[in-house]
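What follows is a set of notes on a single structure, which appears directly below.
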Amino acid sequence: MPRYGLRSVATENLVGRAPAELTKRYQQVRARTEALAARLAPEDQVAQSMPDTSPAKWHRAHVTWFFETFLLKRFHPSYSELDPQYAFLFNSYYEAAGPRHTRSARGMITRPGSAEVAEYRRHVDSAMTELLAEPLTDEAIELVVLGFHHEQQHQELLLMDIKHLFSLNPTAPPYYPDGEREEIAVSQADPPDQLAWSRFDGGIVSVGHEGPEFCFDNELPRHETLLQPFEIADRLVTCGEWLEFMRNGGYDEARHWLSDGWHTVRNEGWRAPLYWYLIEDEWQVFTLGGIRPINSDEPVAHLSYYEADAYASWAGARLPTEAEWEHAASANNEANEQHNAGELRQLLGELWQWTSSPYTPYPGFQAAPGAVGEYNGKFMVNTWVLRGGCVATAPGHIRTTYRNFFYPATRWHFSGVRLARNLT
Amino acid sequence: MPRYGLRSVATENLVGRAPAELTKRYQQVRARTEALAARLAPEDQVAQSMPDTSPAKWHRAHVTWFFETFLLKRFHPSYSELDPQYAFLFNSYYEAAGPRHTRSARGMITRPGSAEVAEYRRHVDSAMTELLAEPLTDEAIELVVLGFHHEQQHQELLLMDIKHLFSLNPTAPPYYPDGEREEIAVSQADPPDQLAWSRFDGGIVSVGHEGPEFCFDNELPRHETLLQPFEIADRLVTCGEWLEFMRNGGYDEARHWLSDGWHTVRNEGWRAPLYWYLIEDEWQVFTLGGIRPINSDEPVAHLSYYEADAYASWAGARLPTEAEWEHAASANNEANEQHNAGELRQLLGELWQWTSSPYTPYPGFQAAPGAVGEYNGKFMVNTWVLRGGCVATAPGHIRTTYRNFFYPATRWHFSGVRLARNLT
Amino acid sequence: MPRYGLRSVATENLVGRAPAELTKRYQQVRARTEALAARLAPEDQVAQSMPDTSPAKWHRAHVTWFFETFLLKRFHPSYSELDPQYAFLFNSYYEAAGPRHTRSARGMITRPGSAEVAEYRRHVDSAMTELLAEPLTDEAIELVVLGFHHEQQHQELLLMDIKHLFSLNPTAPPYYPDGEREEIAVSQADPPDQLAWSRFDGGIVSVGHEGPEFCFDNELPRHETLLQPFEIADRLVTCGEWLEFMRNGGYDEARHWLSDGWHTVRNEGWRAPLYWYLIEDEWQVFTLGGIRPINSDEPVAHLSYYEADAYASWAGARLPTEAEWEHAASANNEANEQHNAGELRQLLGELWQWTSSPYTPYPGFQAAPGAVGEYNGKFMVNTWVLRGGCVATAPGHIRTTYRNFFYPATRWHFSGVRLARNLT
Amino acid sequence: MPRYGLRSVATENLVGRAPAELTKRYQQVRARTEALAARLAPEDQVAQSMPDTSPAKWHRAHVTWFFETFLLKRFHPSYSELDPQYAFLFNSYYEAAGPRHTRSARGMITRPGSAEVAEYRRHVDSAMTELLAEPLTDEAIELVVLGFHHEQQHQELLLMDIKHLFSLNPTAPPYYPDGEREEIAVSQADPPDQLAWSRFDGGIVSVGHEGPEFCFDNELPRHETLLQPFEIADRLVTCGEWLEFMRNGGYDEARHWLSDGWHTVRNEGWRAPLYWYLIEDEWQVFTLGGIRPINSDEPVAHLSYYEADAYASWAGARLPTEAEWEHAASANNEANEQHNAGELRQLLGELWQWTSSPYTPYPGFQAAPGAVGEYNGKFMVNTWVLRGGCVATAPGHIRTTYRNFFYPATRWHFSGVRLARNLT
């Protein structure tokens, strides 16, 4: 997700609906971004904690630039820019959409400030409201819907990025001040029963998106693939289990690590997941609610692919492929829909779950034409697929076919581990 | 191959044969290494041109250390080391085999020199000859055979590494002095006819090694996989075609590149394949025979995965998956065996051919027990599979199921491109 | 000045004066800092543009921490901290004053924000007002006076740092909006007459501070030194002259450069002074008032030592030693005081003037005892002395004996060139 | 000395002597280089251990290139090059003498090898013998003499560099095999009596070279300078004293270190002088004779300027300025010549002694014209002066006015500490 593409070309059921419905959805999505940012001071919104992250006010401006560039400038007959320099400042990586500011120096752009960004948002919202009041072509509606999902992705990035930024402050400021609400980093897990395994026969199965609902283009085309028999864990690995891995020398021995992973462990001095701190002999964790002791029962979060893979090896298991994960998740969903409780827990909206699958195009994948789809596949190298969404994912944004991806050494995303095993 | 694992646990038909046959094979393999090194001065054998490469005398010593460590110390009743420090100096990356010298500083180890390494080789050869004269267990024979293939891999590395080293010398010394023999960098290609496409129906096919012959463990287990219909080019991309790509802005525009690939092009200042030099307005190429003009008809070599992928995109095609490549190559071989000329040319022993497949374990892959097999899978991340061997590969070392692998940005290997396309 | 020490142990005429005078001076100094910061938005105050610079709100807090640590905690009987974490966040480099936050990550500390820093300042100001109303020991008064000069140094740093930060913003925001007031980067020069030379006989002369006025301890002790006859330019080098140097290949040839300087030119890609931009074939300069064309008559600014030295070599001259500069400046001042116009122009408050003198301790230099003086000399290596102050220096802060210092490759300070020559 | 310039334009008493004397001296100097290299295998001669060092065979070739370029090509009527590529490979940094190979990649140039370099030396020696047999201009004689001193400097560099290279080899090979001769790293010290101080009154004194003997141009012009009264230690600091510094937390506390020095200590992980190793709880030292225990009585060697300065601060003293050192050394020499034993020991030929003086030009310093003198002063920035020569310095090469210089963080030179103090 750090450098996702514009991935949608699919229609959504919003096509053909009344304009009021689109407008209402627009307002909901846009309002949620501002609500998330409202907890931040202007100073919080300008800092960029590392090249992978972006300042909060940049997120707010960039998603606005998206609507301005791909909707207003193309379809609004009388739109005029608030500031022509914004196109340069808030383009993320669309080469066909013109030059852009250096990604790693976004934290240096103190002006326009938070208030000017708010004004920019109002300027675009006003014009978008006008645009959405009129009949739109299917193409325009598709771009509007894509804009919704794009903005929802940045809502999650905003939370990831602000968590990382605050973690660098020795005063460990909470995004959610004490007592206000439940911590977002990890939700209340089901009691971590003895982990159980769910069996699947494999064979030829179909994966990928189908139906009229929205999806990103990397979920297409739906296609057949061949699975060996396998079983998959019914829940995520817990912090208590991770502590056992650590006590067992998990970070001390090369044995269970991929070669590049072990190299990273040594170079970075990793001793525990990101945001874990050993304070007076107790492991504590920094969350969006501040610092608190580890809860052994909750799923362990903020892991790299290397750590996930090493843990699986240590545990005598492996990570599921993304096809296995999707097949199991779909079967589970169908069972649930038939009022039989599916066996798998913590599937969606808990923690992104590393799969063993490198992020590659599906057979027959086609890049969409034009600037929006120009770079659909350009991130399909060196990254690994995660599935399932997380507590920071926008409501309604996740589905079983959704393919997220990150480099194997990054950890600032809300990522956890679900194990799998061969059946023979 | 830069950090390959010891990958074999399979038996070979040498098991059960007369000791004399093993001994003869041992002598052949060992003699070829020394023949390759004999063209080098002592000074040539000590330098390490970059962290990815190793000095020639290190290769000579390391393959010797392999026989010493895994055969002589375990199975020879009276073996004594020539120098106990060599175990530290010539271990490559086997953690279970003890500590080792820093990889990137191998060029600093001027002593033991070439002559001492030759003495070390003779010491081990003498003891191995004794060992091979006696009846051996199957396990020991398997390790001996593994040692043959291991040494053959280092013979190719030695040639790759010396080519890279010599390319850094402004005097461009030839490994094969002028006139002595045909250039090894690229063989005589068939006349580059109009490229033709060979069609395959796909469906469920089997890939992976089978039979009693030796293979590395990453070729196992043989398993079924599902292919879509596809077609594959009957020959490799030529230098002439690559020049066309370059003239068409291949290295100037982000359009056809993976994001990480484009970043590498800019950071490294790539303008052409490795070893290409624009000298007085003519493209020339550095080879093991020295510098000479480009031959438009021969296959283009020394490409990164990023370049191979960008070219395929520019050409309106894609790279084959490794399963597609193996399926096509096997079918072609069978056709040849039935005395029908297979359609595909330049399949084996020409240039390693990039596939679009990340290097991952086959379903059901099992690491071998013990130090030899300890790290079988530890390189299965961040690398891509190449198939087919090259002109520098030892005779008899290549086969259709052979899986080589490199990082996507490296170029010092003899690597080229064969295109593929979807069939719909 | 990037890492200056607390350098004063000298008394000032404020010792023995009425408390009201100290209080008034305290309020003046403190108010000027806030006036300088008042032009900045909260977002502007948090960003750190490079490791050498600090965020504006950090400057505001750090100078406050100084009064809190060295005055209030020692001499105020009932002072209580506003926040005990501030001591960690706002210590710059005083090891004896306890641990401190990493310098290069100051831009990550978004909280406390600008408003909390203002509150911190009021908290300390209130307690300081109480403290200053009471009779103080000479030692305490000296520390208060040191606090004044310390805060004035940071006022200049704040301006230097904000200029650097704004220069990174593609919108080039002005610190002084258009029309509001004269640009601060370079003042109106006298018309750049033909440069004239002022002659000095040399011999044994005295340099260093004397008298009861405040000075930093690096200006002590006053001592004799031996000068050869020399002459010194009566004005600074102008932008027009620098353009001539550039047109004459100044940045293209190694000939006039120190070896390390030439290495820096190549590595950094220097083609002109910092903040010069070639826009549509015209050289423009970024100033605190925004971007505008070069004025050929004004002194050239934002030069490294390497550039200053190379220019002097190209011009057939050299830089003055700091003793020569001080001797000439003192003589000039005396002449002015005797109502004879001194020959030298642009001596004080225009641009810091590079000398050829490495920053080393004066003979007999003594570090002051205690935390304040603990590190007086620890920056006396690898830096070069500049003299004369600049347009960004606080009023009343400069004098002829004042020794500023920077590394030879830095350029974000307001630095220029005055030439000197041997007389034989 | 790592990047010294060609510094001599002074005549030597060889001017005007018989050709036979020059020829004999030429042969002596040249023979000593080959004798030093004769202890090295071809492999030892090619490796470059770090960018600061050069391969042994490069030293042998570069000093030869000097005679070829500045003598044979200018003055020998019929000289023809052995190989025109050598001019590119063996130029060190003389820009006016044409382009050159990248310094940091000298270890990659395996060809020409040691034997070809020997041939190159013989080729030049033969032509030089012809040239020296004829009457020469004074200018040519001066260049020949400069070539002698230049080659002697590289003899010392060769020993420094080979020591550094061998120190990186886990087998710690000795340059002087056991028992063959006395260790060269540190000579037998006088028994380390209680350190005594020698007093000097200061006043106006003269420093710099005088007389007809050879000197480098950085020793000129001889000039007056003003010294305060001071005293200087009669011997160097010993290993035993350094151990006391270490036990007293010398490398653990910032207190006595220059700011840049402390930064280096932390970044480099310094715990002791270079080449000291704690082996089974005993401090041992790597020397050109191999590894052996520390001798408490001998002078401590291989220190950076930062370490020398920190030690002096810890010991309540300081380093001498170069003028103080030279004044004391000259007085001592005069006393010795008058048959009164000078008080100072270990002055010349023991260890280079750090002074507190940055390396800057003497007042009135003039660069020599032409390529030889082109860069006389270009290293006069960021380096510090050392005096006195060392055990690796060629016989007859050192004198009291000799100015050596290194960056403050380097340690591979044979450098030690002599203390000084103010007298008040």
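Worth a mention:
Here the chain labels run A, B, C and D in written order, and each chain numbers its own residues starting at 1.
The rule is short, and it goes like this: contacts are C-beta pairs under 8 Å (C-beta built on N, C-alpha and C of every residue); 3 or more make two chains touch, one makes a residue touch a chain.
In this text, all values refer to a predicted model and were calculated from it rather than measured experimentally.
Among the remaining chains, not one touches chain B and also chain D.
The fewest steps needed to get from chain B to chain C, moving only between touching chains, is 2. Annotation: 38 Å between the Cα-based centres of chain A and chain B. Per-chain CA centroids place chain A at a distance of 47 Å from chain C.
Centroids built from CA atoms put chain D at 60 Å from chain A. Looking at chain A, no residue sits in touch with two or more other chains.
Which chains touch which is summed up as A-B, A-C, B-D, C-D. Across the interface of their complex, chain C is touched by residues 3, 93, 95, 204, 223-226, 228, 254-255, 257-262, 305-306, 309, 356, 358, 360, 363-364, 374-375, 377-382, 408, 422, 424 of chain D. Residues 41-47, 49, 57, 85, 88-89, 101, 105, 107-114, 165, 168-171, 173 of chain B are the ones that touch chain D when the two sit in their complex.
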